[in-house]
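Take a look at the structures below.
In what comes next, chain A is part of two complexes: it sits with chain B in the first one and with chain C in the second one.
So, the complex of A and B:
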């Protein structure tokens, strides 16, 4: 019987967060600190003729200004195609041209306006299909597309296949081919981007207070950018107000802040305004997906063939690798005998996309699940049935080599079908102003990390002190997802130490051991396993000493209430530790452990068992469409997810609701509207992130499959809740109206247009009807 | 942002402040929910802010009634309107409009006077007040007072009849002459809160005891540079029995409302959508 695991525990830092005591990057203040501000380009595509900083430099309070000419740095980004400060040309509306450090933020902002830049405006390329044409000029001068992919504007390209496509096509009774368009959306972290940098010119060390999700990779990236030694860079993470993948890449403002600190000799802080956050922080990949799928006369899936064009934007970030995840869904979500996958990320003069919770999977799943509904319709089969007969199963090794040692796909599907009254709502005729509908969507995602780097591991150091307090030093990071609470719970469970006596240290690269970072829903999985390994070692130490002190022979101790107990023998943990410290042979009660998941690197064809385990989920979402306004309201969300084992129920529910909020916004309202590379809605007024008042009732049914790879049988759960949401909503809207949408978001206007015209208008043209002017 | 703030406590202090600063660049502020945004976007150096928030004068703040009308102080907040039982009972259109404005935090400071004087075509409380044929009571720093019907007080996009010497003290709404009313505020947008109307429709109908419409006030928001009082649609309804309006009459009413719409396309919706929705919701007001 578990005492702690499986019972709800409040977040360790919950009180600090809600009371305003938590120290975010914005709250950091260092002696003599300067404030930085960045000059971004006025035009998304232009040549820079000249930059004149003289007026800005003479402004009282300005301490230093840098442009590309003042710095000796390397390009950054996944493809190293991104100059930190631009010279010669600018390629997108985020482009950094100069940066100022001044005594106050106001002075820095004013100085920015005094910098004179002369541009020669160029006609940019904002459509990836246009960019692929031979006659289109090369967009990124560092891009290696011509050499690597045979097209100068190709930034990255992936090909994957398994099975015999032609054979499967021949077997198919129904083949559906559709084109899906996915918008650009942003993370909208509540804390805007921030960094504080301090350089010690005596020892050449740089300290960065940064919100990165991947401190050790970041340390390496900053070092490369600035031509420094990584170990001279100390990364400290203050409390992070939202990550969601946005902080997987290092962005130009971060080395820029370091450069300002190095040049001025004083600490420098850069904080984004909300508008800057919209303009200059990463986005989800917009893409066009052409998906062809088939099934035989019994509804068994035969093949999937997909071609994806992604708008990479002007530079290449980690986001370009989202096909790693997308191809998993195309190859292995449901049983797929044959699959062919091609994805091309294409340079444009749009802002570059980054990584975002779900990592390509919401896009892939939207297309897959829409096609499934269409195949069922065509075949005259129930949409629930077709999913059930094709669902993944325990023991399955997919065409891509993913091995589902446990699998909750079928129970998850069955649960949401039943709980949502799916069959009944599907069959209910729909008339009148408000039309109800229900839709299904399922997903597959890594649940046990993902071996993309050489190590997908995590280190832990444990220390118990003279007073019985436990310090967990973990390589993993907390970005709000609640993993440090889970770690404390594991220690409570195993060592019987109360929560008040547990400290989790996880914010300083000078102190903590290696970990690859927060992504891929991996933290509780890898850090939990790492902690369990460390706990085993520290128990051995404690046991040895207790045996000596109590003069008994056993290794079967019960740990509870700060005590070790065996039959009538018992001793307080702090007493054992004191005896270790103060009595001969004088040793510490400390251990180190490194956990590396059993997952494998995929081969050059992207085949292999890439994760320690896999998460499965289904959602049945009930919507109500107002045919008068076109608004879609989500009434009920039924989520069933294979989480392996529930560790912290309240934390898990939080992940569900947060993920759904993002997923619903993606489905219905959120979209960054660009016109020729310029963002038209850089505020929450124009960018429709939903609020708490729009949230539906969330009915969550965890499925516990007890996967032996995870801590206590658990699987990663963080990204999953938003992955099938847009798919399920689109299917529900289609059920409600009898009209299907192939692009997101499904805005009220799209709905009304579809209802007003018998042949739905070609999507994407909607907004071009009239020039945009401001209403108020 | 860098400006001087004057915070008068009494009407004479307020009028003096306006008088003394006639030659300067000054702004009047109440809840500042609109002003702060404007200040962010402009140079504020040399600006003087006359802050009404500290004013203790009851005329500016209270909601009261006499035989012919209700008086609402210009500094009344949306939250105070919502909490007032008489408003809720007599003027559901105003209650709903105030309740659908932004969020609790904004409603707690956003004032009626500010909503009117910001002259946004999507001002929620303003649309309701236009449908209610409200009148603005205006005072100036020379001690003069005047009244003007709200719908004529608003002169165009971002324009009112106020001179630099004037400000609004309060607003009056004529009392209902019937207890039999149909009154409401439809606000169309993609979020339930923190949303500026893409289209809105404010309606306030009074019927005799047989259901015959004797008074109709209908205004539509966010579909034209200013919020029109839809006279011809109102005339069309007057004299008809509310329980007995045919589909074709609903269509005709909606068409007449629509004739006041001259919307723009912007990032939130196209002109097509705004018109379509206005037409659609106009038809539905009889249905609940």
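So, the complex of A and C:
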């Protein structure tokens, strides 16, 4: 019986955050600190003829200015195709040309205006299909597309297949081929990007107060960029005001800030304005997906064949690797006997995409789940039924080699079908101005980390001090998602130490052990397992000393209320620690542990069991469409997710609701509007995020499958809630109107245009679908 | 010019430039960093503070406009008996805080609204509570827990 796990616990440092006392990057002020500002290109595609900084340098208060000519640095990015400061050419509207450090932010911004740049404007390439043409010039001079992929503008390419595609096509009764277009959206963290850098020129050490999600990879990347030794770089993470994947890559402004600090000899801080945040921070990958899928006369899936063209933008980030995740959904979301997957990321003069919660999976799932509805419609089968007969199951080893040792796919589907009154809504006649619809969407995502880097591990150091307080030093990171709280809960559960006596230290690379970073919904899983490993070691130490002190033989101690107990024997934990310290063996009560998940690298064909376990979820979303205004209103969201085991219910619910809000925005309102490489809506006024009044009622039904790989049976949960949301909403709108949307967001304008099209939808088109049969 | 106003219960006199924004007076001059700069264009509400009982965006408000008025920032909610205001307690209880950057603004907006409702003896509906928070953006929570917390203030 668990005392702590499974019960709601408040956020560990929630009081600091809710009282304004938490220190974010924006709140840091160091003595003699300068403020940095970056000059970005005026045109998305141009040659730089000359840069004149003389007027800016003579402005009172300006301490230093850097351009590409002043620095000796390496390119950055996943493909090392991205110069920190640009010279010769600029390739997208984010491009950094010069940076200023000045006594105040106002002076730095003014100095930027005084830098004179002469450009020769070039015609840019903003369409990836155009970029692939033979006659189109090369966009990124460092790109290796010609050598690696046979096209100069190809940045990255993935191919995957399993099964016999032709055989499965021949078996198919229904084949659906559709083209889907996904927009560019952005993280829109409420805290804008920020960094503070300080260089110690006595020992050549650089300290960065950075919001990175991956401090140890970041340390390595900054070191490579600046030609420094990684260990001379100390990364301190202040409280981070939102991540969602945006801080997985190191971005040019970060080494630029370091360079300004090195050159000026003073600390320098760069804070983005909201406009700069929209223009210069990463986006989700926009892409065009052409998906062909088939099923036999019983509705059993036969094959999936997909070709994806991703708009990489001008440079290559981690975002180019999203096909790792996408191919998992194409190959393994539902049972798929044969699959062929091709994805190409293509350079354009658009801004480059990065990673974003879900990592390609919302795009893939949108196409898969839309095609499923179309196949059901063609067969005259219920959209619920077709999903249930194809759903993943426990024990399945998919064509890609993913092994589902536990699997909540069918229970999740059944739950949302039942709870949403799916059959009843589908059977209700639907006429008049307001049309209601319900749509289904499911998803598969990694739940136990993802072995894409050489290690997917996490280190933990534990210390119990002479007074019985526990310090957990973890390699993992807190970006607001609540991992610190879960770690403290695990320690409370195992060691019986109250929350008030637990400290979590996780913000300093000079102190904390290695961890790959916060991504892939991995933190509670990997850091939790790492902590459990460390607790096992510290219990061995405590047990050995307690046995000696109490003169008993046991390894079956109960840890509760700061005590260790066995039958009638009991002793205070802090007393054991003091005896260990001040008497024999004169040791501190400290341990180190490193956890590496049991997952495997995929082979060169991308096959293998890449995660410690897998998360499954289904959503049934009910919408109401106003056929006069075109507005889509989300009424109810029913979400059921295989989380393995619920650790902190209130934290988990928060992940669900937050993910859903981002997913609903992706489905209905959010889009970065670019015209020839220039962003037209760089503000919260023009970029429509959901507000409190847009949020529907969320009904969450966790499925507990107790997967042995996870801490207490749990699985990663953070990304999943937004992955099937757009798919389910698109299906719901389609069911409401009888007209389908193949691109996101489904804006009022698109709805009205579709309703006014020459072939208006038939009322209640899909309402003849058969009800779901009962499954055991 | 000289500005005299009450901040978090204390009268202060400060020389300022007429163009100074209230958020800069609060964060840079008075060094009260709990008020957060989210957009500086009046859209996100992270910089909400209370002026004479009304929650306002301090990024869209000239400092000179607080002359003779009473300003409360997030720091002003703390006192010796109660380090947290009831609104903050409710937000923690309901799990309404994730990254927390929007939280001080959410607290100040909710406090101003609930003070008015309580003074007028009104218990707002859930829809009215939602509406009261419409000017505050949050990217982490999906608002549901923040709305729950704001509703719980009346229970």
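Just so it is clear, the second predicted complex is superposed on the first by the 758 of 776 C-alpha atoms of A that agree within 3 Å, B and C clash if a C-alpha of one lies under 4 Å from a C-alpha of the other, contacts with A are read in each partner's own complex, and residues count from 1 in each chain.
As a convention for this text, contacts are C-beta pairs under 8 Å (C-beta built on N, C-alpha and C of every residue); 3 or more make two chains touch, one makes a residue touch a chain.
Treat the numbers as computed from the prediction; the structure is a model and nothing was measured.
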| item | value |
| --- | --- |
| Contacts of A:11 with chain B and chain C, given as first, second, both or neither | second |
| Which superposed partner A:680 touches (first chain B, second chain C, both, neither) | first |
| Partner chain(s) touched by A:748 [first = chain B, second = chain C, both, neither] | first |
| Touch count on chain A, higher of chain B and chain C | C |
| Partner chain(s) touched by A:628 [first = chain B, second = chain C, both, neither] | first |
| Chain B versus chain C as contact partner of A:190, first or second or both or neither | second |
| Touched partner set for A:693, first chain B, second chain C, both or neither | both |
| Touched partner set for A:135, first chain B, second chain C, both or neither | neither |
| Which of chain B and chain C A:481 touches, first, second, both or neither | second |
| Partner chain(s) touched by A:242 [first = chain B, second = chain C, both, neither] | second |
| Overlapping contact positions on chain A, where the chain C interface meets the chain B interface | 684-685, 690-691, 693 |
| Touch list for chain B against partner chain A, complex | 103, 120-122, 188, 190-194, 196, 222, 264-273, 276-277, 280-281, 284, 287 |
| Of chain C, residues touching chain A in the complex | 32-41, 43-44, 46, 73-75, 77-78, 83-84, 88, 91-95, 97-104, 107, 127, 130-131, 133-147 |
| Chain A to chain B touching residues, read off their complex | 433, 628-631, 668-669, 673, 680-681, 684-686, 688, 690-691, 693-694, 747-749, 752-753, 756, 766-767, 769-776 |
| Chain C-touching residues of chain A, taken from the complex the two chains share | 8, 10-11, 14-24, 26-27, 187-192, 239-244, 273-274, 479-482, 650-651, 653-654, 656-662, 683-685, 689-693, 695, 698 |
